[in-house]
Amino acid sequence: MDLKELLTIAAKEEEEAKEICINCCTAAGCNAANAVELKKNLDKAVKAAGLDHKIEVQSVGCMGLCGRGPLVEIDPDNILYEQVKPDQAASIVDAVNGGETTAIQFDMEHPFFAYQFPIVTENSGRIDPERIESYIAVGGYQQLYKVLYEMTRFELINEITVSGLRGRGGAGYPTGLKWGLSAKMPGNQKYVVCNADEGDPGAFMDRSVLESDPHRLIEAMAIAGYAVGANHGYIYVRAEYPLAIKRLNKAIQQAKKYGLLGSQIFQSNFDFKVDIRIGAGAFVCGEETALIASIEGKRGAPHPRPPYPSEVGIWGCPTVINNVETYANIPVILREGGEWFANIGTEKSTGTKVFALTGKVKNSGLIEVPMGMTIREIVEEMGGGATVGSTIKAVQTGGPSGGCIPASKLDTPVDYESLQELGTIMGSGGMIVVDSETNMVDFAKFFMEFCRDESCGKCIPCRAGTVQMYEILQKIAEKRATQADLHILETLAPMVKETSLCGLGQSAPNPVLSTLRFFREEYLELIESSHNGKVPVSAERIDKS
Amino acid sequence: MTKIKLATVWLAGCSGCHMSFLDLDEWLFDLAEKVDVVYSPIADVKEYPEGVDVCLVEGAISNEENLEFIHQVRERTKFLISFGDCAVTANVPAMRNMLGKADHVLRRAYLELGEVTPQFPHEPGIVPELIDRVTPVHEVVPVDLYLPGCPPPAERIRAAIEPLLRGEKPVMEGREMIKFG
Amino acid sequence: MAVKSIKINGRMVSARAGESILEAAEDAGIHIPRLCHVEGVSDVAACRMCLVKVEGNNKFVPACMTPVEEEMIVETETPKLQEYRRMIVELLFAEGNHVCAVCVVNGNCQLQDLAIEVGMDHSRFEYRFPVRGVDLSHRLFGRDDNRCILCTRCVRVCDEIEGAHVWDVAGRGSKSRIVSGLKEPWGKVDACTECGKCVESCPTGALFFKGSAVGEMERDRDKLKFLITARQKKEWTR
């Protein structure tokens, strides 16, 4: 494979494209709503109408409006149909041909789409994720060629640094710095890892990218491999994502076949291979040191940092670990330039962020917006506000490691620093809308239960502390608690935060601390109404010893 | 000078702590000069009086009677001491918690292991009902001082009580004062 | 040999390069509480008892796994650290079934000692009373999960000193347990050489010599240390 061949494939793909394309989403969300059947029916309907020469039915990835799947988009008319039933296939084909359809149309001018800025998701819902040619046709693998022939490792890393890209897994560490560190480490063996162990409840950004545009990830990992001098990459993906795994495997096979993975890529002296490692369902394996242990075949338990994986990673070798979304930004940064990327978003948080907008919101799904957009714009305009009959009480970001933003602070812009000031974090991109029907103690309890169950058990504060915090929250929720219990909860939470070994334990108290900060009255109400109004003796004083 | 009103209470425990207390031997005479023992399993008093200054509570909370009584004790006592490991940690009496709730425990003890006439004890008003979970005293009412040990050695008891008689809080530190078991 | 000068609790201490804060403090006669650390095997920083404050670092660091650095300023006994250590010990007592009164190592237990050291006179956390098992299948030794604090000393000692790797951790979170072999009864695990190093290393009464009565069992704590010194420094006499 050389550049000419690559461009030939792209041109051929362009040439063979039919006049109209019916894009049918077959990613996990729409699949669950019977999109596979719909896709079959669309194929049949096109054939039955004798329009094969004119219309292509393409199986594509996520279009974002997951709450209203299955979704079908007509290209180039830019018409989107929502909640399409398999038996509406024929009528959609009719409509393409100038007739009428019973399918419901979603307004593409709606803020849900109009406010988006697709970088990571630029190909999602537009290309066929199971065909490498489809990715090549939109310029795929050209950036890999470019870095191999036109850029030195350090020019490449510098471009990433200039872009200001920060890790999208949650912590927001500058990607350029991370790569630079590993690149400078001595040693012949280095590794590149993609963390696709997305585990936050309500988050599905990474799954969507993997299912919709897997080649983008492979190209980006190869680029990262070139940058740091690694010839081996691992994608650590959770077993709960079977479709993503299937598509990744397919993509790796296709890339190998075309010589875009393997030895002497593009006839250069750069070799790179990618292996998939499937996680067995432990949330903690999303923590990078636990993830490394798991890749090495050990028990998925974290160990203290430093040393960081950039220095001591898989089998002791320097290892770059980035999240799926971080990688997905790389080809675009190289295509458009670091400066271009740095101009999007805010000064310290550049680019865009993909959010999984869920909870009690009208339009739930996946959105990609420039950093710095306010939470109000996201949940009220794009999301359409709370579901009928209720109001928004809070928005939760960062999953079990994050916190709540009360309705009064919805004008906060989404960037790493602003969210941190409010006691929450950007996290990997889960955004859960909480409405007035939800009690915040129950809400905190849900996340604490999650952390308790997902604690690996290695360090005591997390293993035993989450159990105790959960029990106290349970006591409060069941109106059995006293002020003394609240006092213990408030003593324990900071201790677990400050003494736990890894990020899981260090952030496990966040939902509690955050709800206590903004919704303390809900805790107090439950405590005051405890014991059917009869205050037990132990509530009168707080045990201070 | 009015004497300090001292009480001692025996809940779910083996009375070993009280035995250890009696091991204070001749110091008990000194103590008797400073306190009135107003309630104790070793004194013939039926009702726990009001206005008790200091109370040593031996034992965990294991049945309905313990539960009701400890609330009464707390209400009528200024300074409550968890006396011994059963009061402080629930200790041996709580080992039944691992068997499950009260009915599991009774089934195990009276039916499965009952050799002659297996039957549940049931005498309302005479035999107090077991509560489901044995707990230390401070999980039910606030406690002012913890005096661990199984039993707390006589010297430890004295070292804890002596400062109290002078109106000072004892320093509960070190192996001599807080070793469990 | 490179030497690093560090300050612990306001005292100047010289340390060997590569040495941990814990080792440097120990040599200088400054005691830092610890529980999962056992000399001669790798550290895991799991118990969090040895957390210390290092100036310029906004997080506490485990002394056992943090190498000394030139001009490091370490505080080992801040009020917050003391409070947190006590809470950790309370969490341990509340988590398992630690009934000192009926334990074989009553009086010879490192968890019990630690409770005294951190000044724990009671647990503020509710006791969990978990249902856990006892394994008496081994000819010489017994294992009582009720007393296990998951320090993994046995796991590391068996793996790194004896080389048998009989022990490992199974399950996660509060359901984590130490298991022998592939979660088999200890007595059925052929890999066990009956050396007893795990029993010697156990801080509590979780691993014990069969036939010990309450408070009777004593360990030879120096035996492991002797073995390590013997191997590393070729000093074969005690």
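Each chain carries a letter (A, B and C) given by its place in the written order, and its residues are counted from 1.
In the analysis below, a contact is a pair of C-beta atoms (placed from the backbone, for glycine too) under 8 Å apart; a residue touches a chain by one contact, two chains touch by 3 or more.
In this text the structure is predicted, and so the values were computed from the model without any measurement.
Visitor: So which one's got more C-beta contacts, B-C or A-C?
Guide: Looking at contacts between chains, A-C has the larger number.
Visitor: Quick one: which chain's Cα centre is the longest way from chain A's?
Guide: Chain B.
Visitor: Centroid from C-alpha atoms only, then distance chain A to chain B, rounded to Å. What do you get?
Guide: 56
Visitor: Between chain B and chain C, what's the gap in Å when you average each chain's C-alpha atoms?
Guide: Between these chains, centre-to-centre, one finds 33 Å.
Visitor: Could you work out how far the Cα centre of chain A sits from that of chain C, in whole Å?
Guide: Here the centre of chain C sits 39 Å away from the centre of chain A.
Visitor: For chain C, which residues are shared contacts with two or more other chains?
Guide: Expected reply: 121-122, 126.
Visitor: Show the residues in chain A shared as contacts by 2 or more other chains, in ascending order.
Guide: Only 543, 545 qualify.
Visitor: Residues of chain B touching 2+ other chains?
Guide: Residues 138, 143, 146.
Visitor: What does chain A use to touch chain C in their complex?
Guide: Touch residues, chain A against chain C: 282, 284, 299, 301, 303-304, 452-461, 463-468, 471, 488, 491-492, 495, 498-501, 543, 545.
Visitor: Of all residues in chain B, which touch chain C in the complex?
Guide: 82, 85, 88-92, 94-95, 97-98, 133, 135-136, 138-139, 143, 146-148, 150, 172-175, 177-181
Visitor: Once bound in the complex, which stretches of chain C touch chain A?
Guide: Going by the criterion above, the answer is residues 44-48, 51, 59-62, 65, 83-84, 87-88, 91-92, 94-95, 121-122, 124-126, 128, 149-150, 168-169, 171-176.
Visitor: Which of the residues in chain C end up touching chain B in this complex?
Guide: 93, 97-103, 106-107, 112, 115-116, 119-123, 126-127, 129-132, 146, 215
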